[in-house]
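In what follows, a structure is listed as structure tokens, so that the remarks can point back to it.
When the chains are written out, they are named A, B, C and D in that same order, and each has its own residue count from 1.
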């Protein structure tokens, strides 16, 4: 496990953390850089789980373009499931920006259960996404599924997403760990919180500390929702890690009627943002339309979120 | 399915609902009483799931002693897992009341996985609970595990709880349906939302409409929490039923470090209250101590909840 | 945990077991009766889990009427989900007996998810079941759902079943523990193997050692089968307990096309029998018809089972 | 969905299948090749699920080196989790061959939850595996985790494995679909049977029809086994697909005391083989040692399997 200390940690604070690590029977390796100090923890890091939060460093803040995520700043990631055309995306981007979104999402390479479903527009989709982000003043995030796509995705995207199905595609994790792009790492459908944190370690261990985690629901027996949103993952992660975590109620529930309540709950639970699919014509979307909010619904949700953010002391960057 | 209409529904409102039911291919049976009007729906009630909320009647309000639950009023149920002694309970009751709890909980008959664990004080525990409730001005709720305990439990308790392990003990459900006591029905560890609503129907069908549902986590593969709290059950239930639903983050997570965040999230998700275990000496508790909050932690949580309640337009009765 | 020794255990064998228990840091209490010797184990019995089988006593043999279950003898429990009429049951009983079944099943009190579904014929159903068992020379097993039904059920049935939904209805377990009827205890839909064994302890602790466990599938995300049959529960239970365990592929899969293969697998896995629903007109059955085998299918399955039983050294009593 | 017909299907048999497809409201596309005839089914292929087996073509037989898998021939895949050294692997290979294994397994690229665990020997491991296979006369199978490893893996291995964590790494599936190597596709930890079949489609759709599926357990709440072996997946897959399916009780249970019973059950359930980890010194293995059988245990298991294979009419190639 790697603990990234905040820039201005005092020697006393660092010593305190090193002592706690030692008391737990773990070894540590301190590495002071010019910009940041890192403590590597060697041994059974599950022992850190029960530790009081005070032993942990400040939350990391990840920069996506000019948008800060973590440490009190919230990401409002919105957009369609897949990039379909410049016109459709432009319309959606304008509306989510107006409503208060600060990061635009859209898939160009789509992981689909069936090989016969729409697989995304590829590089053409990336260009459309980049243009829409530039026009509306939002950094953009999109999924990378294969190490060989990483170059082209990094050329267009401000943040790369590793999707749930690839959360344990360890070669892909290592590759994104070698880039300078912030990474949105989604929890696998049957991954424990510990599995998620270990997958983040694959990225961190390569030197890329700009990782934002995302809870997006896990498989369960409940058949009235697409997955089961494990809301407790938010404080659970925060007790063990300095990394920001956001919540995706769209994929978690698959039901527009439940998304706003779950987005509100995520903010109250301490999430560093939400990730919501928005489409201006869900019934015509080429992928996952039925789970998208309409722009007007998203706008109403953003009002609720702003009020809740105030109560929990968070800012939308 | 039984739809309980609010007292002053107009004939036009009732006709509207009857038409919607008919359009869905279901039959209905209208029963006008002096105090309330009930519509019985016959057929595949899953068809109602996709219906817009406007077709559903106003939320039911359940009265527990003088405390209202539902329809904008929130239950703050707190207390120890088990009633252990008059002294311990008196101390806890005083503290949770001061913090803002409005219903006192405590188990006298305890369902324990092992026959060799503490099984509760029985009737002696019920007396202690009643006295503590009276002294501190809170109605009390306690679990009933067996139809034969129902008489004695009803004598002492304002509300009877049917626990997760008995959610499909259908004979018990029918029996509590024949009493005049409000019922707190907890979701089974592997029950779907639909299963929970069908179990509520067993109670409603006997004539007792005073049912409050409780989400308390379901079994999952995640091993860092006791169960997985299905927060989406809150809006999911509210879209299908007029019954209040509260959330129990204590049993759901089994971890005091996660309980406050989950209680806050529940309020933001629209829950009609929370159910939290509080003990002034968790390490000495005879049952489930490690998952209890300290009174001071509960007090801090109540402050958060009051601020969130204002945002979501709810009142603590 | 209670270890029931076989009737003719030698003092050396008993001493060996006592020593192993002590080595594991557990305490034991030896109780020599006229008919059987029992060792009570006090402490963390999970330590016994990793122990080689040689430390465990011989398998218990449970007698159901004249049919032996366990210790190399297999129960072939068959019949309809619910007793519907004397005529229908008589037909089915004749056919399953001819095919090789040795215990007849049929529900008179039915636990149904919805209160509007067929709830069983009650005592009338018990009489019909008793008559069919007598006529066709098979002991009968039927479910008891409520402690207050236990007298009437015991009057008619050779074995009482505690269903999956009541596996943690602890008062019911204690009550059946006080009868002299063998008990068929089905695993709850979200019960771990340890939970199942602890529920068995509730019965054993009251003095009734005639318990047969039943694996019948647990809830999972897989939606093409009704539940997920945990076949590994068979050797898992056998490594920790002397109790017989049978497998119910009917409720586990809910699909007649999968039942025969799962019944065969159960025998190969070491199960002490199978529990299969058979109906001569599944599409007209009042309960769970679609998951029943036709008599001819059951007959074909019994032929397979007899061949497999020979390979694994088992006998159908 | 693609249905591969057996070489000598008669026109009448093909017409019969085409008619059934049409009756189900699906469209078909017949493609007669020199060596085989293929029917592509377009539309909602879930409709085929309920179809009687008679409508499906004969089982496919996959050739791995000279070993046939499927259509009555069973694969006995055995070997260590990871290739550690030539000496260790040579010893294990000799023993499993003597016991009756017909395919040798061993990992050179290891997917490990933690980046700090042993990651495999890479190409050096592949060479060692190839040599051991050649020396002991067994084709070899090993995992590929990244499309960029595919060339080197294909150079050494007779069969490539796509592991559970990569079951929905769709780019990898497409790549292995473009090779001429048979593929062992393991079910993901939270994949439904339908998901597994759709992932197989990704490979088949690229033209590689040599796919063997593998059930290796899914995530569940049961905490006494590593995963839950879904044995019903065997007949479930066979009712919907012509592809062979084998069972891996090692990863499914993670417990050597349960592996033999589950391997026996798999054969009785109709599996086309088993996949078992064997190590001559499990406690010193660099990966997953505790779940490996000792060579002597494997040898005993093979005897059981041979007897069961006879009963179910299967041959070990």
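Operating definition for what follows: contacts are C-beta pairs under 8 Å (C-beta built on N, C-alpha and C of every residue); 3 or more make two chains touch, one makes a residue touch a chain.
Just so it is clear, the model here is predicted, and its values are computed rather than measured.
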Most widely separated chain from subunit D, with each centre as the mean of CA atoms: B
Pair sharing more residue contacts (C-beta pairs) when B-D is set against B-C: B-C
Subunit A and subunit B: spacing of chain centres that average the CA atoms, whole Å: 34
Distance from the mean Cα position of subunit C to that of subunit B, given in whole angstrom: 34
Whole-Å separation of chain centres (CA-atom averages), subunit B against subunit D: 48
Multi-partner residues of subunit A (at least 2 other chains): 190, 218-221, 223
Of subunit D, residues touching subunit B in the complex: 219-221, 223
Complex contacts: residues of subunit D adjacent to subunit A: 111-116, 145-149, 165-166, 168-172, 174, 188-190, 195, 198-199, 201-202, 205, 218-219
Touch list for subunit A against partner subunit B, complex: 49, 53, 190, 192-194, 218, 220-225, 228-232, 234-236, 239, 249, 252-253, 257-258, 261-262, 264-270, 304, 307-308, 311-312
